[in-house]
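Common to both upcoming complexes is subunit A, partnered first by subunit B, then by subunit C.
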Partner chain A sequence: MKVIAYLAFTLLSILIQFCVMDLTQEKTELDDEQVAFNGTSHKKKFHELMKDFTQKPHALYYQTLMNNNHRDLDFRPSTKTFTNNSLQRLEISTIISSTIFDELYDDNMSTTEDPFTTESLYTSTEIDNVTEISFFDKNNKTVIKPKVPKKPRNKDCGCDLLYNVCDINCCCDNDCSETEKDIFANCKDAHKKMDEIGNLCYPYEHFFYQENNFVDNLFCIIKTNLPEKRGKDLKKYDIDAVAHSHKWHSEVKSKHTEFQKKPYVYGEPVWVLKDGSIWYIDTPSPTINNYCTGRKPIMFLKNENIKCIVKLKDLEMFKILKTPQEAPCISVTEKSLNSTTLNCSTLHCTNWTIIVCDEIKCVDYNKSLHEPSCTETSCTNLALKLEYVFYYYDSKIINATIKLFSQNISLDVPFMNQEINVRFILTNESIEKVIEVSGNPGYLYGRPLIASTAESNRSLNFFNVTSPHIRYLVQPSNKEGICTSLITENNFVMFGLNKRIKCRYVYHKSIHFQNGTNICNDIESSLEELFGLNNKLYVSPYGNPLDVKDSDWLSIQTNLYEKDITYGQFVTKNSKLRCYNVITRISYIITFADVSKVTIKRENKIVSININVSARNVTLTPEDMSTVLTIDTNFIDGTKPRVYEYAGGPHINIHLPKDFFFPFPSNGIHVTKQSYNLIMLCCVMYLQIK
Partner chain B sequence: MSKVTNVNSSLAYEILLYLNSFYLGMFFVCEVAMGILKAINVSYPENALLTEAGIFCALCLVEVIRIFLGRRGNLASKKVPVFFSVVLTIPSAVGVCYFLIYQTYILRLEYIWCAVMLIFHALELAFAILFIFTVCKHQQFE
Partner chain C sequence: MGLYKLFSCNVEIQYKSCFLSKAMLFTLITTILNIVLPFIVAYRSKGFWLRTHNYYEQPVIRFTYEYLVLAETDDPSQPILCGEAAILDEEAHNGEENCAQLQVQEYDYNDDGKHDALYFKLNINVPSHRTISSILLLFGLEFQLKSTCPLHMQSLAVIDKAFNVAPSGFKMYGDVVLYQVAHLPCVPNVIDTKYNNSLLNYRNKIGDNVVDFILESYFHREVTTQVNPVYSRNQNGHTSSMDINIHLRVPEMVIRYRPSILQELKWAWPQYLSLVVVFYWIFNRIKKFVFNNRLLMAWEVIPWKKH
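So, the complex of A and B:
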């Protein structure tokens, strides 16, 4: 009985509570209706207002109405045109609405700004007779639309940049009319937001507000009592900012000029010995623009890549060719630490090795062969790109090499781009014998794709310096407009680098007019060779192929075999060769994914690589045996978002003994009433547990 | 020395207190839940959350004592506990008013249940005063 009474009272209390809640909510909603308006309610209210006005033309009534609503309503000027045959009702509405609009539009509006309209309103409402209505008729003929006073400039409107001109898509710009705001992109949404705020429901992130949702409405924050925000530091600026800010130096001085007799440490300049004095090596560098106007020292173990614009006479190679033999590179050794004199007998001196490189190979610099020379139009053997390579081993620089990448340059261009690379290698091996992986273990962006043509032991072949097989995936590149497929760094397919190359393929062999198909097939074969399709290629899934099994290397899939057969024929009239189904486009599609187990580090693994070729018909002439090729590279990130699996809840395996419901022996005694009750109780318990 | 001989318990007062005890439980649970919801979703000024939590705990404590004294006094027809219950109605109502008006973020739902709580207070105050008058009226001295 007590339990039933308890439940009954609980239900009653809940019932009372909900009744009171509903009552309060209805009251709240009623209150809200008086305050909140959206776009449609504006119009409705406006029409109602106009309707009431025509029915009860009394000044006090409208003034009261205006005062009540002028903060919430956002009236727009009437765009209706009125004809002379309309009744005074409409005309009164027009003027009144305009006047109301004026009043509502700006709290600070003075009646003197628009005396005519204001005067009309008050005249009509004060007298309130037919004569005044005819007076309105007269007014209507002269002035239909009252002028809308301009709002003062909104200082908090960040997008209002044009003075006295409406800024596009700036909803808070007071220079914009309502018509202009209507055609803007987001002003309607801004109005809607304003309405929501006007409805006293703060749109916090998790406190959603939906107009007709009762439950969500309950979770609205209807009032806040937050303290006024105050900046702790009332000073708007720091007077001492000048003192502790970085400024341009007033005089040129270097902080790297002091030589200390100690072994090299990271960031120290690389020293040279010249005429018994210690100097540091420096390279040109851009300072305030892209021109090589400044110089900075080569820092020990700091690899650099400097690009700047320079005049021909200021090319760095000229300085290099003048000085290095006289100024060997020095390293401080233990022997020199105990000595007071500084010369090559006490210091470890390393002479410079200058080599000249072209696209294919590098050779030692020979003054007679490689000295730069210029004619009136061009210069030869100029190195716009040069590279310092320092081999540091056993606590001293054992080799200092300068690579000059020579080329011919036209003198038409007064300025040229100069590129200087500085590289340090901590080995006594030549840089050509150092194998570089493309990541460990996953690929790093911008590193070449590791590939192999070997049928077996591909990983071993990669790390074998003497292996004849290729190490990196090569694609044709554009060299002065012509397609080249040299095994250089420029031609490597770099991980993550999507690009499209267009270049012209030129068929150099002489053509015979007997059989067009043979020539076209030969062109096709050379194109396949150019694209590297003549060999079976494998790509390492990881940037470091050390532990990658042969079976894990990815075979490049190609649709070459799906292509139609190539054939050709001469068009005898104009001696043109028409080749059908020649490869003109090749597309590398490489799919990779992040397979790392932790989120902080990516481990890019290539999961598939496809080469798609596209063929078309090409017409060649004996004068121009060339066609334009397109090479596309697409890297697709196929990483799937991580899916977390949560452990299931604890499973309690509780069950009653098998003989729980039949605890009586088989030669059972007569079941008493108590036993019957016990069985019933157990059944109820079982059903409840279930 | 005086001795109360008549039984003057107010049924309406008892019902109100009884319902209020359930309502207080609901109020406590919902207000805590709402506090957690607000603490997660909106930022509070420094110490405001702790202050509100403290006031809320004090309010609940006062309410429990108030209802307990009210019921005890009513059932035993003793005016002193009821008088203290009436006195405790003042801080309790002030506390509810704080949550109704002055807390940092006021949700519409809180508006509703604080208002209901105040209605309880008002009714109980009225019946408690009536009860005290009744007890005083029927008091017999030996």
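So, the complex of A and C:
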């Protein structure tokens, strides 16, 4: 009983506290509002309003406000003018009905003045919620004339945007007549809540996060009189906001440096002299997509490899053939530093050398021979690949060469791939005489494997420019579908790159009137030559073979000798040639390891290199003497991990004899081994403790 | 009138022995086992040490007013590039007049100082006789985590879309999400500013292609923001202009981080302690059995008996 009495007492006290808080809150708000209020007494107004009530207001009425069965209450603003400065407050309050209730309540409790509520009643049109209170009955309705005199502009009406013209669906717009409001969507709607009207008048984004109020959820409170949770001080603003906000900023773009009379340094454009003024030379570049949309200057000592697509008219070679002859490449020398004029007598001028290369050799450009020409379907002597080579020696560019790799192109497709290389070499030697190693000393990724066919002095042979032996390991590659094995960079076996290449091998000799086995053997030997298996090959274990002894060069291990003998026979019916055991796949397996003593640097050394060949039976016809070959490359890192490995813990296999629980069959109940042990342990312990 | 048990207490019976004795050895072993065994059991049953932890936070995301919009037309020689990047050459901008308008709005709906949504509206003029084939939008964002793992970085919102037929508009609704390839280091009271540099403001040009360079550099970051498209819609029709509307929400994000040592211990301690209690009870029962039954030599000190 005591507990119940206590609980009842607590509830009562909470209730009283709520009521008192309500009262005090309203009072404080009243005081605040007093300043902004002008003119007529609100108490008076409120009493005028109250006159229309036929019965005393009661809180219970407000519980049924949402009842749909209303009379068509036509609330119209009175002809009396009221100040309306409380719309903002309305927006915050939950439902207008509760506000009304409070005001009525307050009045009954002999509250003094209340400008707030009356204002809210008149500024909003949502009063039709209060049907049963019948603020305004039918008689009252007739008093109001259809034409409302112009009222002052409602300053708090967010949707009143048209000056002196009624805004559509804006219920608080004083420019709107009652007839206009009648046809609007929401002004008449009896079921609309006040907050929705608020949203209508203050159009914000439709996207709101749900704010959970714990107190609201717990007690289902219609209205709280807690202070507003608004940290934002409306009167103040942050003066520094401009400084710490992001803004549209000026567009800063990189600018190329202007010509300065000083010797070249890294990253500076390469200058040319044209018509007495200084320009930089540039190359096309794919700035934003894969088309050569932009141009960028050739930077001194900056090697480039640019690939982009172009249309025929935008090919770089046409520009090159036009301009460079009359625009020599210049270098600032000591002599030119002292003189004021800029011409070839003071600067060091280097004329351009243009050479044309095909797959085999390079020759000087001859206009009559190498002039590009096009028909409707194809073009000849077009250079899709070009190379600028600058030889810098003795503080000046001594040679500037443009290599055009010419080829014939069919015009089936509108775009073509253009490749431009820029190379700087700090020597007066020709680029062909410069030997490149693949790392120092360990191999670097993407560098060609150094190989030699020489029987002795392999390292010396490698560095000997005139040596006839090969320098790099070559494998066939796919050129327009056909296997080629030319000694070009495209065909080198690159360190660390795992690849699978497919290409078609075509046998060109005639096969008629010959022995099938002979032809197949001939095919086999030409394949071995293509794969480079006819010579004994050695590979350098390091990327720099300078100090590698002959005995340290790795000989390539092949399983060629394990292969079954090749033979062939004609299938006489349709004169097909069937070759047995022909090499169709070659696989390079290269094992390397990091032999560096320090952890921060890798030093890749090739440990072993194996070539495995796979043979299969191939059927050839006189019309199609070809087969598809596969060339695989695998690089395997054999480096042992640096982390210390600990031996695993001893594995103790303890189990009871099978007949330990003889009377109970061991497979009768399926229990896991772990739970079995656990049960056993528990049993033993229990017995012991007992 | 019955009697109720109101309180009880134990009488302590002590067992004493000298240092070098079997009883001492037994006690030592059981004590060590009592400490070590719970640790082993807790460790072997996995999850003893907290390797990773995560929490949710809505980051502060603001548009830095850096952007790059690339609209590719059916002719690759006529792309439309809007926006700016420090590494772009002056001459590289062609067709910039086609970037008619970019409108940016940031919304904070719940007034907590953190933007809840970003809205980008872009209007592009399509060159005559051309159609837009794809668009790539890079918007620079400032990303800030403020609570557990403070982080300031400049990230990107990358939106990529290719069109099969000529578009007249594109709308996308999506979320900006945090993508981590590694845990945040989460050093207390230290703001992680490893990536607090703008990729669009990077001046050292490495690659030829600006867009590829930005994307590659961004790809190599450990912490990035991504745009997770919720809905997108393209409007067909070959028109002379194209409207792109991007609505991005900023939801709460999961942030993975490496827990500090204290947090690790806090996590491990209850696991260990709960097992210690069990083992303590077991070993106590064993000891009680051993000493009560005088299996090991020890003096029994009973308080009410005089020795």
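In this text, the second predicted complex is superposed on the first by the 385 of 690 C-alpha atoms of A that agree within 3 Å, B and C clash if a C-alpha of one lies under 4 Å from a C-alpha of the other, contacts with A are read in each partner's own complex, and residues count from 1 in each chain.
Keep in mind that, in the parts below, contacts are C-beta pairs under 8 Å (C-beta built on N, C-alpha and C of every residue); 3 or more make two chains touch, one makes a residue touch a chain.
Given the structure is predicted, the values throughout are model-derived calculations rather than measurements.
Once chain A of one complex is fitted onto chain A of the other, the partner contacts of A:N225 are limited to subunit B, with no touch recorded for subunit C. In the superposed model, A:E419 makes contact with neither subunit B nor subunit C. More subunit A residues lie in contact with C than with the other chain of the pair subunit B and subunit C.
In the superposition on chain A, no contact is made by A:E180 with either subunit B or subunit C. Once the two complexes are laid over each other on the shared chain, residue contacts for A:T287 go to subunit C alone; subunit B is not touched. Residue contacts after overlaying the shared chain place A:E603 against neither subunit B nor subunit C. The contact surfaces that subunit B and subunit C form on subunit A in the two complexes overlap at residues 205, 207.
In the complex of the two chains, the subunit C residues touching subunit A come out as 62-66, 70, 72, 76-77, 79, 81, 84, 86-94, 107, 109-111, 116-117, 142, 203, 205, 208-211, 282, 285-286, 288-289. Those residues of subunit A whose C-beta lies close enough to touch subunit B in the complex are 9-10, 12-13, 16-17, 20-21, 24-25, 28, 204-207, 217-227.
Across the complex, subunit C is touched by residues 205, 207-209, 211, 232, 245-249, 251-256, 285-291, 293-296, 304, 306, 308-311, 314, 415, 685, 688-689 of subunit A. Across the interface of their complex, subunit A is touched by residues 18-19, 22-23, 26, 37, 40-42, 45, 102-109, 111-113, 115-116, 119 of subunit B.
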